[in-house]
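Shown below is the structure under consideration.
We call the chains A, B and C, going by the order they appear; numbering starts again at 1 in every chain.
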Amino acid sequence: MNMVNDILQFLINALSLGGLYALMALGLALVYSILRLINFAYGELVMVGGYSLLVFGAGPLPWIIVALLSVLMAIVASLLLERVAFRPVRDASANTMLITSFAVSTLLQNGALLLVSPRTRAVRVPSFFIENVTVGGLLISKSNVLSLVVSLVTLAILTLFLRRTVLGSALRAAADDFVMTRLLGVRANQVIAAAFAISGFLAGLVALFWVGRTASVVPQIGLNPVLIAFVASVIGGMGSLAGAVAGGYLLGFLTVGLNTVLPQGLLDFRQAFLFGIVILLLLFRPQGLVSGMQSTERI
Amino acid sequence: MLAVEDVQVRYGAITALRGVSLHVEKDEIVALIGVNGAGKSTTLMTIAGVLKPAQGTITFEGQSIVGRSPEDIVRQGIVLVPEERRIFPGLTVEENLRLGAAIRSDRAGIRQDLEEMCERFPVLGERLGQPAGTLSGGEQQQLAIARGLMSRPALLMLDEPSLGLAPQLVDEIFQLVAQLHEAGVTILLVEQNVERTLEIVDRAYLLNTGEVEYQGAADELREHVDVESSYLGDST
Amino acid sequence: MKVGQFRMWAHRYSTLIILLVPLALIALIADLSGQVVLQRIVIVLFINLILVAALQIFMGNSGVVSFGHIGFMGIGAYASALLSMTPEAKAAALRSGYQVVEQVQAPFILALLGGGAVAALVAAVVGFPLMRLSGAGAVIATFALLVIVHVVLIHWSEVTNGPRVIFGIKQFTTLWIAAVCGLLTIVGAYWFKETSLGLKLRASREDEHAAASIGINIIIVRWVAFILSAFVTGVAGGLWSHFITIFSPVAFYLSQTFLIVSMLIIGGLGSVSGAVVGTVVVTAIFEILRSVENAISMSGLLSGTLAGLTELVLATAMIVILILRPAGITGGQELRWPGKRFNSEMQGEHD
């Protein structure tokens, strides 16, 4: 009975964390798959979402409205970055785009540092984020259940969008062969904007839960999400959307697993172990877990 | 209809086209032939807007299309079915075809054209829900052409549609191209298979190291080619 | 004839002369001025120059982006500090150090080389799997490496005193030690490009498949360059720790990474000249901004701090430069004495 409970507990934790990681990875991989841009500033979209929660949450608005507005702000920020920073370097080398995104990330982070505050700010979050329920002797945090459900639903909706709509198939086609997609008359700017919008949406969604865990926001809040997204999408095979999701879940399981397995003294080194495992994984599968036909050609 | 004047294209330090001029009139079928590396694909990619000419003009229906984006040029009515098919392997056959109609918004018309393609290419009709990557080479070529037709182009450019196909399939492809032409599609065809090409086209240009070396009606070109057969040792 | 030979010679070495002479002059002026503030700035300039040049050795020649190098700087800084500190100092600084670590003590030069060696060793071990990656994978994996090193530095209290500062290091790095090391690194990086390893590396940058097809083992070539570059970075870390004398792991993380990477990119990562130009230009911008920042804070015009202003402006400058000149200020070319080019191979520097 205890054993079963432990396993269930582990599964819930891993699936909820993994779901969050999968959303992070997907947002990054989507843009990467089309533009070959590793968007360092993706973490700052989470930050924008976080500070929006802070700003809008200060008023009398109900939390759900605040949450919607914050997600919207992340989408707007993402589209804005595409237009202002990334479009001018779209035709430059992959390295130039990469460094641009690194600079944009630094710019936004320091902007928040300068304009808001370098200190941690408390954010109002609804009480269910810190509440637990007991189901059959199992202590479950409500936010875990929520993130588990939200991530699954989001992934399902995105899958439907990608498979059932023309824009969705244009996105998948562009990830595969962008020039050919344009040769069919699909507008490059439209596809890219769609990718950035979805990426911003996912970052905004992630921000809700990420901020919810600590009920606070700092300028560096985006660092961990972007790192996780990076690593998950590399494990999954850069540019493969399904791979990014798989990588996210795998990373979630590994993290929760390490939390359970590592002795107290080594718990501090968890992140080092995690990324160490990833580097080892890459030693055996440099092309990632899901190496679709495209990813082998591209690299 | 299409007029290319003195077009020069460079890849970094390499000059791939050194002042190419050619024209295609409505309802014509015109071929562009030449050895490997002559610049045939480069010419088509430049017309389609993927490559920007360093010099020269390209007009379509009297309007300049130099500097336009590929997606705009498709909207003008020029469609390129590029070398090596470039179908989207992860998308289904139907999705590939529907993307071909990306510039159109008439749902009913698209539906109808989709059915027509399934009739004309029965193999595609049978495999609509299948990932395009699982098709054979010949089927993929048919898909690439059908996808190009889905936008109802005024001018269809085909880059080596018979490439890598078994002799039987090559026959089928040439028949198909001839049929398309009879059905009223204006075609600019790039081919290595000179004999077969000259059987179905009205006129042809012989391209050599980035220049038009010879041009004329199919028969004239055949004679010219016979004399200079050293160029085309592989196809005669 | 003699004149012709001289011109060949001058052309060949003009890059080094153009780069080294002004740098040496900067050091000389700082020395003669006797101003401590200026001297400190120049010392940091030279240390950063070594870091940027080391990064250029790997990144510029291989075309593979590394975000992990500042981790090697940290390793070099801590390793060399632990080697040079007296046992008493270590006992005071580290609460529960290891016996072995506490006992050893080496002279400055050995400590410096030791720091480089430890960094090189780590690079050798983790580098091999990394070198199989290129493009996006390499970027992310090296970034993950930076995080790993940071996590280890912060939590391995026995050796680093954890997130707290480490102190008790003697100041060995003088202006001239930093300057000479900086100039030597420039010469080394310039020379490296022309070695057979450097040439192979650049061939693999231009075309991985072509390079592999003429028998270049890309992984090995990159790996060796990575180790070499990590060694130089580690030495720079040692120079820095023996200049600053009190520091904590946060010094070797994202801000420093951003600074060094932006110096290289702004200058142009394709050439050693780019490394030098970028370092000097960014240092100048940085110092001007810092004095502005100080002036504003001192005048009390704005309440609160201006933390972040420098980076903000630097990031903006970088984006503008990337948009206008994607290959950096030097465009990836070496600076040369103006005059006709002697052969075409000097032009093969596009990126």
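As a working rule, a residue touches a chain if its C-beta (ideal position, glycine included) is under 8 Å from a C-beta of that chain, and two chains touch if they have at least 3 such contacts.
Worth saying up front: this structure is predicted, and the values here are computed from it rather than measured.
**Q** Classify the chain contact graph as line, ring, star, complete or other.
**A** Drawn as a graph, the chains make an open path, so a line.
**Q** Where the centre of all protein Cα atoms falls, which chain's Cα centre is nearest to that point?
**A** A
**Q** For the chain pair with the highest number of C-beta contact pairs, give its two chain identifiers.
**A** Ranked by contacting C-beta pairs, first place goes to A-C.
**Q** How many angstrom between the C-alpha centroids of chain B and chain A?
**A** 42
**Q** Approximately how many whole Å separate the CA-defined centres of chain B and chain C?
**A** Taking the mean C-alpha position of each chain, the two centres sit 52 Å apart.
**Q** Using mean CA coordinates as chain centres, what's the gap between chain A and chain C in Å?
**A** 31
**Q** Which stretch or stretches of chain A touch chain C in the complex?
**A** Result: residues 32, 36, 38, 85, 88-89, 92-96, 98-100, 102-104, 106-107, 109-111, 113-114, 118, 219, 223, 227, 230-231, 233-234, 238-239, 268-269, 271-272, 275-276, 278-280, 282-283, 286, 288, 299 of chain A touch chain C.
**Q** Of all residues in chain B, which touch chain A in the complex?
**A** 48, 50, 69-71, 74-75, 79-80, 82, 86, 88-91, 95-96, 98-100, 102-103, 133, 147, 151
**Q** Going by the contact rule at the top, pick out the chain A residues touching chain B in the complex.
**A** 166, 169-170, 172-173, 176-177, 179-188, 292-294
**Q** Mind listing the chain C positions that touch chain A in their complex?
**A** Residues 63, 65, 126, 128-130, 132-137, 139-141, 143-145, 147-148, 151-152, 154-155, 254, 258, 261-262, 265, 269, 305-309, 311-312, 314-316, 318-319, 322-323, 326, 351.
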